[in-house]
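Labels A, B and C are assigned to the chains in the order they are written; within every chain, residues are numbered from 1.
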Amino acid sequence: MTISKENLSLWSVVISFAVFLFGWITHLNGLVTAGICLVLIIGAATITNGSYVLKRLAALIPTLVLVTLFAFFLQTQRVSPQDVAIRVLGPGATEQATTEFIAANGLDAPFFSRYLDWISGAVVGDLGTSFVNNTSVSDQVAAALPISLQLMVYAQIIALLLAVPGGVYAAYKANQRGDAVLSTSALGFLSVPNFVLALVLVFLFAAKLDLLPATRYEYFGESPWEHFQHMLLPSLALGMGLAATYLRLLRGDMVITLQESFITTAKAKGVSPRRVLWGHALRPSMFTLLTVFAVNAGALIGGTLIVEIIFILPGMGNLIATAIVGFDFLILQGAVVVLAVGFVLLNFLADLLYAALDPRIRHVRS
Amino acid sequence: MSVVNATEVTVTVAAPAAPPADSDDGYVARKRGFWFWAAAAWLGFIVLCMLFSQWFPGLAEPRERVGSPRIGPGADYLFGTNNSGHSVFARCLHGARISIGVAVIATFGGIVMGGTVGLISGYYRRGIDTTLSSLVNVMLAIPGLVLALALVGFFAPTGGFDDQRFLFFTVSPNTNATIWATIALAILSTPSISRVARAQTLVWSDRDFVLASRTLGARNLRIIIRDVLPNVLPAMLSFALIGVAALIVVQAALAFFGIGDVTATSWGGDINFGRDRLDSEPHMVFFPSLFMFLTVLSLNYLSDKFIELNAVKEAGV
Amino acid sequence: MAGSGGAHLRRDNDSVLRVENLTVEFPIGTSGAKVHAVSDVSLDLLSGETLGVVGESGCGKSTTGKAIMRVPPPTSGRVMLEGTDLASLDTSQLRESRGRLQMIFQDPISSLNPRRTIRDIVAEPLVINWLDSFPRPAVSRWWEQVANVLVKWGRDRRVIQLMKIALGVLFFGFLLFVVSTAAADVDEFGQRDGGAGADLGRLVMLVALALAAPVVAAAVVGAAVWIVLAVLMPVFSIPRALKIRRARPAFENEVDEKVAAALEEVGIPPEVSMPKRPHEFSGGQAQRISIARALILSPDVIICDEPVSALDVSVQAQVLNLLEDLKASHDLSLIFIAHDLAVVKNVSDRVQVMYLGKTCEVANPDALYRAPRHPYTRALMSAIPVADPRIDPRQAFNLEGELPSPIAPPSGCRFRTRCDRATEECSEREPVLQLLDDGHYVACHHPLDGDDGGTLVSVAGSSAGHNGSSAGNGSGTGPQIVLEEDR
């Protein structure tokens, strides 16, 4: 497969994934790696189908502004300038000192003015300083985010590993016993809240069988083996629900694909069932799965936050929980903004990738 | 699934399961079967608990000490007792009020708001649609649980242990937090319901019968209510069932973050409190989890069935 | 084809419907480009007459029919129903005259709401009129007016354009501010000062806000008023609702009778059918129900938009015969829009040929089918398949090329890009409908002389000749129509 204008987008994704991995292993600045990846993908997509990408890019800015505005609005509703001053200066601060502090930090400025100041810092990675323990919000988020990301990636991998063969098999045996078992258990797993699944897994594998550790996080760099051991249960707790969603979708699409005439043709030519399923039917059935793969990230983010709390992983979920309990609203704001913006960007990239894979989309949508 | 999952629903609505054999009345054969009734019966029981658990004869109060703490399930205490010696069985039944009530009311709010927005933007289109849709898209741009956390985390006051009443019911020791959680969940479910309603409205308002009504001089409001809404409603309702299921889970998840009605009797709260002693007394986690699982499963199953049963057959020319 | 002009309109006072210079344009996005769906089309309809409108799909014939019904209202032009201009009527007068002007649609299944019963569907016109006879409280009228104004503003191209510009400017200023501030260094309090760039950005944002302010303010005020009225409306509507409720039982009985009568007339057994829903009927039956709905207010004119195209050939004849019978018994005038030339020939007293939103030719069907005078009509005629092996279809006057885009129609005569007789003149001057011979109007600079087009059609025409002529003398029940395909 050579690089051509048509598959440029695909290659850009592959290359940026490599850049991302490289950055991760060599401990490059996360913002820098993410920036390089973004520029790579968007650049390649712009070359292939310029107007579509530019339109989507223009639509991205208002969304990002409104999302950040919303988070900032909530934060300022809860945190009054006096609160901030008293938290920083201590409960015994005089009124004059409080007023001076408010003026010096621009806390009495109009809402939009404060938002503009804050967002200007946020775009270069400065999410402010926590008034509770005087630490940088960005540092805390930067420490927590990779752990959540790892968990999500592992969960997706597990989900796909389970769902693709399962979905193909269920579609192949549609309305027979094998399909019934798989579809029913998929519905079952879909209905287990992932914190319940997490607790069940902990109970079985950690408490009763004592096979795997139930809590704590191990860094990959320190001990890869321990790292995967610690991540297996949380990833499973997250991945099973996802796998159920994917399996149901893939099965539905594939059942429809298998009724199409090109499949009949392939069968008539004497192609083996295995090749019909994996070689002919799977690819056209994957499109819905691909979109859901990205949009489901929203559900995945939510799940990650809860599962982290149960397994006591120092990711975004625990960061948020600690912030809420400790009334640290700047951290809460920072975490919400980072998750929301990440989600928006992810959806945007998925759209680009989708357009690159299926040329019909860019014509229909643009 | 811990968060309202828009995609899944869109897909289900767009591609309903292949209909079984046609029957004479034109609707898809109504094969309800045993599991349909089992799910409906469970939900009926849960709704009874939600409405009337405080008047059930012989049922312990949620915070009534019935025995020593942490007794396992058995003949004396059906589901055992929890850390404080409260009956787990009684708490499971009482917990339905918060767990289901919040989700149902929030979903209802979401249907009213999202349905209105979706119908208006799908029916009038153009500038109105663009404006409303972009607002909806912004709301969808925040992951569901994160939005709920932000709304409840910033707004809902925490703490407070006095029993409060809301209308006729004792809601929770911290009614404000419950109401805030309900509002947050209603806001959370609005955009996805509005998307479903809009997509369906776009399809149905293009049909000739809408044009026919307009040539008869029907007002827009009449067309929306008489012609468009009845056709949009089934998709919305089947979505609402999944929506309720998702919100039950989100509502429970809030307990893990220590916000909302931490002290209320709810399944999520009990699971959260019980998990410290998971290895020695799993029954404190198991039974509320089971109640939640069965409820969510029933809702998901009924939603699947609902789509099958309501697929209107449009006679073939 | 450019057929503008109204030479073919009859001075007659008894024309029930008269459409002058009808133009329908649809704006595309906010770019200012338009689809010229119908351009300057005139037609008239005498009492008891059937006017056939034919043309390829996309020629604007359906749009013409809908524009007459004012869904959507035409961009310009007059529609006169028995001498009154529909555009001059207010909402309730318009609703009243809609009773005299009805429409039947192409897809019988799609034109019936699948969730309502046949009784409710057929009764709908009666119910709408009846409800209208109860005066609505002022709050409801205000609410409707506010809603209409809001919708109008929300759809207005200039408003949308303005908001787009304002948004663009706003975000430009925002980016300017953010970029210049983000690039600045942090001072001792953790604040950044963007300097001149930030000030400029702030200014640009203020300009954008000032631009958008009137619209935003109007929208917010309008929406607030709308919501308040929407909340008040149910309260103030209670007396009206009570009145309606008291009057309803008597009215429902009356409706039942009328619906039953209308269904009986179109050949649908009322007793069994009224509680059923549309999916329980076949296409032909559904179209009969549509006809019953159109008939129930005893209209003067029915616009039939391809009423039989979606039906089986065997059912087509039944529905056509039904229309023909009803026309006689109810003193109806019909506008019959179709692309099937055989059908049109059999039902019409007069045929109007359209191409790309313009009129080409108007004539009675016999003359038109025997000797088309417009090159487009000839091409259309020769596209009718003929069951005769001696005729070589390759010698037919087939059309070359594609239908031009209605967004940028050709200058002069719109047909010239596909016409073998086109000259310089055709691209410069638009031909106007002119009288050639008895009742035969053509909009063409180089009309055919009446003999050279006839070869193919005469074969098909001769066998159906007597049918056509009998339909031609208009009124009366006429012989039962048998379609060419049925032979």
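Here is the rule we go by: a residue touches a chain if its C-beta (ideal position, glycine included) is under 8 Å from a C-beta of that chain, and two chains touch if they have at least 3 such contacts.
Small disclaimer: the values here were computed from a predicted structure and weren't measured.
Contacts between chains leave no pair untouched here, as each chain touches all the others.
The central chain here, found by comparing per-chain C-alpha centres with the mean of all protein C-alpha atoms, is B. Centroids of chain B and chain C (each the mean of its C-alpha atoms) stand 43 Å apart.
Spacing of chain A relative to chain B, judged by their CA centroids, is 24 angstrom.
Chain A and chain C, compared by their mean Cα positions, are separated by 49 Å. Shared interface positions of chain A, i.e. residues touching 2 or more other chains, are given as 62. Residue ranges of chain C in contact with chain B, taken from their complex: 66, 69, 71, 94-95, 98, 102-103, 105-116, 121, 124-125, 128-129, 132, 144, 147, 150-151, 153-156, 159-160, 163, 277-283, 286, 290, 293, 310-312. Of all residues in chain A, those touching chain B in their complex are 59, 62-63, 66-67, 70-71, 74-75, 77-78, 187-188, 190-196, 199-200, 202-203, 206-208, 241, 245, 248-249, 252-253, 255-256, 288, 291-292, 295-299, 301-303, 305-306, 309-310, 320-321, 323-325, 329, 332, 336, 339-340, 343-344, 347.
Interface of chain A with chain C (complex): residues 61-62, 65, 104-106, 116-117, 119-121, 123-124, 126, 128-129.
Those residues of chain B lying in contact with chain C across their complex are 25-26, 124, 126-128, 130-131, 207-209, 211-222, 226-227, 230-231, 312-315, 317. On chain C, the positions that touch chain A within their shared complex are 167, 171, 174-175, 177-179, 181-182, 186, 189-192, 194, 202.
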